[in-house]
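Notes follow once the structure below has been shown.
Should a chain be cited, it is by its letter among A, B, C and D, assigned in written order, with residues numbered from 1 in that chain.
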Amino acid sequence: MKVVKSKIIKNEKVSKNIYRLSCEFAGIIKPGQFFMLKTLDNSYLLPRPISVHDLCENKVVFLYRTEGKGTTKISTLRENDEIQLFGPLGNGFDIDNLSGKTAVVGGGIGIAPLLYLVKVLGKNADVFLGFKDEENSYVVNEFKKYADRTIVVTEDGSMGEKGFVTDFISYKEYGTVLTCGPEIMMNKIINNCMENNVKCYVSLERRMACGMGVCLGCTVETKNGNKRACKDGPVFSSDELVRGE
Amino acid sequence: MKVVKSKIIKNEKVSKNIYRLSCEFAGIIKPGQFFMLKTLDNSYLLPRPISVHDLCENKVVFLYRTEGKGTTKISTLRENDEIQLFGPLGNGFDIDNLSGKTAVVGGGIGIAPLLYLVKVLGKNADVFLGFKDEENSYVVNEFKKYADRTIVVTEDGSMGEKGFVTDFISYKEYGTVLTCGPEIMMNKIINNCMENNVKCYVSLERRMACGMGVCLGCTVETKNGNKRACKDGPVFSSDELVRGE
Amino acid sequence: MANLKINAMGLEFKNPVLTASGTYGFGEEFSEIYDVSILGGICSKGLTLNGRSGNTGIRLWETPMGLMNSIGLQNPGVDSFIHQELPRMKSYNTIIAANLGGHCDEDYYEGIYKLNETDVDLIELNISCPNVKSGGMAFGIKSAVAYDIVSKLRKICKKPLMVKLSPNAENISEMSIACEAAGADGISLINTVQALAIDIKKRKAVFDNIYAGLSGPCVKPIALRMVRDAAKSVKIPVCGLGGIMSAEDVVEFIMAGATLVQIGTGNFIKPDIAVDIINGLSEYMDREGIKSLDEIRGII
Amino acid sequence: MANLKINAMGLEFKNPVLTASGTYGFGEEFSEIYDVSILGGICSKGLTLNGRSGNTGIRLWETPMGLMNSIGLQNPGVDSFIHQELPRMKSYNTIIAANLGGHCDEDYYEGIYKLNETDVDLIELNISCPNVKSGGMAFGIKSAVAYDIVSKLRKICKKPLMVKLSPNAENISEMSIACEAAGADGISLINTVQALAIDIKKRKAVFDNIYAGLSGPCVKPIALRMVRDAAKSVKIPVCGLGGIMSAEDVVEFIMAGATLVQIGTGNFIKPDIAVDIINGLSEYMDREGIKSLDEIRGII
């Protein structure tokens, strides 16, 4: 975990509102960890949390959707511009303690942290990716490179299967499900996993200021009291969470 | 005077810290008028006053030095980016009432408004340009295109004459001196003009918020009371000014 | 299309969007950019009985998302306003408020007497000026001082009277209640926040007066809080301002309890911002199916 | 090289730069990024006698160049601080201040008794918490209420006592004088400014508590003014904070009269900002030929 000014290698649009940013970085990163990103101007104040999408030799890759001020500003950066990176942060997925077959399930921009995860898991995971439609899908082929099985589901069937991704998983087959995506999707997965007695880990999003555990702004209510999404998470075991959130 | 989002045609570095910005614009502008420029992000709040350096068919050109937040941000804009322009503003030089021969004197970035002035004056003006040294000189050749005589003076003699530009003007020769540059230079010119009974018009700089005469933030003390640099100026007759400023 | 009309203080405003004192001159310059009759109203530059030439030294300074100013109430005086500016302003076909400041009771009395005899629609009483008698402390800091001057002026004032509160007041709720009790027809807030800027190169305060007033987007969260405090404390209409830059900002102020709003510093950032805001407000209402701003006023 | 040492409140600080309560945890996380012993001091997260789990709902919200927070004093309690955090903090070789809050006199008494028996260097008394007995109004609003609690605590407190003032106080000068008269060894200011944010889509206040505290660069001009007001009013040292992001900002606070400063929100924007600021301050002094900060303190 360090603060660096990093040079941008590439910042390309990969789909509607979706960008892929590659920055110079050397270091070890666990899948599911994230960085706090900040442009060097003062067009916004707080660094923005963005997951590690991929890690290659001397570069870290992010996949992000332009939402508001910060991500829109980041999307205007170009090759050789500099950006402030702070990280890697968070616990990441606990990939050393997986039992049985693993399903990796992503929805929308929630797939961002999952590529690097799948890459590290090797051929041992089945990947399920859910999108609204083909136009709003991205980096699917990257996943196919690393995973044995990649099931794509779109709501309108314009790509892959038609329906909701949560309905295409045979939960019983898996020892563990690792997921990141919209809350509604993750809630459904948590419920299905509970019913089927499958371990489930979810990566959560919270507004963050420090990203390192000091401001106590990113509270996640757990059965063991308040935890910090940035430091104790962003990955939580679904068992731990106080539901109804 | 209008507020427009204008497309940038070119934004090029012409010397150390000096940039030339061309933007789409159609309209009539008087030499010595200025615009308030603002990038569309929120990295700074107030628009920045910048003089019209040149006007061509469907484009207005600015010459600016990066000083702080605003001008530095503007310097990062590229072709096809948009910028907010508000103007043209201010009185401009009163070129319809010049008597005798005219000297146009600029120092440093103060030469910015003078190119368009010289272009409009045609061959009737002698131009005097003062710079620190050759490295910190710019657009001299542009002036030579429009003026019969262009005298360049650098403090170290690395380009043109050596010394201060104010010392190379034969004041008696001229009916009017029009000038823009550092206060110290303009003060010297005002004094010399007074001694030689030559009319003198100076373009003044003040911090501005509105640029259009409503905030009363850009006060210039004159013999007729407070005037607004943005609306009643930026060009003032030296007679009018309360000296010792 | 959404109905933006507002009835308040006995006046009908076309829409709740006014322009703030000191940021709009007397409207003339803006009338060259857009049709100012679209506005809910215009508050004049702050007037004093006799003209003032304002403060010396630097008058403007930019801060992070803020503007500090120390104009020092440069203005032509009430008489000159009445003769040189008001006739033209009245031709704009929108509500015209005269913003009146003063340094002692007598200044205010005379100013009001003169404005009484004109067709100005509204008087916005600026009680942020230092009060000579109270040793330079502004009228707008202590509720009791404000109560005193407002009740005296209410008695002689023939126009609707809106008192403009300073965020430097000791207690905004108390101050609002005091103004209402004194007979104010409405209150507007916030004026600028007292602040300091230092030029470390010159080792001096930036402003000759040392302190100056802060405005702009940086103060919006503070202004919103104070507007809600005020609106919860009184029944008279509250006019909210401080950092408004968009129709969404206006909606926030209305949800916080404002009946009217004013645009100040925003007029400098994009001189035709009022056009965007008024159109944006009407689009917002249509989009959200809001027929009258009453539906969302003060819901926070 | 410039001498940055500061003697204040009976303590020797390596330099005037401390980190602010609530923005630095208990230092552990930052010690993974840089050597925290370079700091002038560390103010602990705000402690209450018994631990608190803090507020529900959204706790953070960005505003133009500002941050609003409503953490609600989530903390492990004084005992846990003393046993779990303090020993490690003391090993950092810098001044350790325990920031103590409370909702009634008894909370403060017991907290102080416990901290008295530790090797904490300094107690920073946060009087911005709502005071249960005064109907929820904070101890830090009215000078008389502050005087009362500070003088009681001064009697029992064996450590240097620095009172942290709220910018929401009715009158900063009076408040500073009251704290000095009550025996405070120093004062620090500003805490966050009470503010409101509204989510117009949800038609609700962003924060469950409705109001929250504003910090960051947007409040710096206000903080500077208040620090000067305080420094002109008292002889005890003033610790200035609010929006500090650079060594130049620190110099401004010192020129306004601060003896010490704290970095708050800045720690989030660039987590090693304190390193830059301390180095920058020393470079500034060398560049300007300033031997001791006494030369520029309070010159405005």
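As a working rule, a contact is a pair of C-beta atoms (placed from the backbone, for glycine too) under 8 Å apart; a residue touches a chain by one contact, two chains touch by 3 or more.
Since the structure is predicted, the reported quantities are computational estimates derived from the model, not experimental observations.
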Greatest separation from chain A - chain, by CA centre: B
Separation of mean Cα positions, chain D and chain A [Å, integer]: 36
Mean-CA-position distance for chain D and chain B (Å): 48
Numbers and ranges of chain A residues touching at least 2 other chains: 42, 44
Set of chain C residues in contact with two or more other chains: 64-66, 216-217
Chain contact graph, described as a line, ring, star, complete graph or other shape: ring
Those chain pairs that satisfy the touch definition: A-B, A-D, B-C, C-D
Complex interface listing, chain C residues touching chain D: 63-66, 68, 170-171, 193-198, 200, 203-205, 210-211, 214, 216-222, 224-225, 228, 243, 248, 251-252, 255-256, 296, 299-300
Interface residues, chain A side, partner chain B - complex: 41-44, 69, 73
Parts of chain B lying in touch with chain C, wherever the complex brings them together: 1-3, 38, 42, 44-47, 84, 86, 207-219, 225-226, 231
Partner chain A, residues of chain D touching it in the complex: 22-25, 29-30, 32-33, 45, 53-54, 58-62, 65-67, 69, 71, 74, 216-217, 265, 267-272
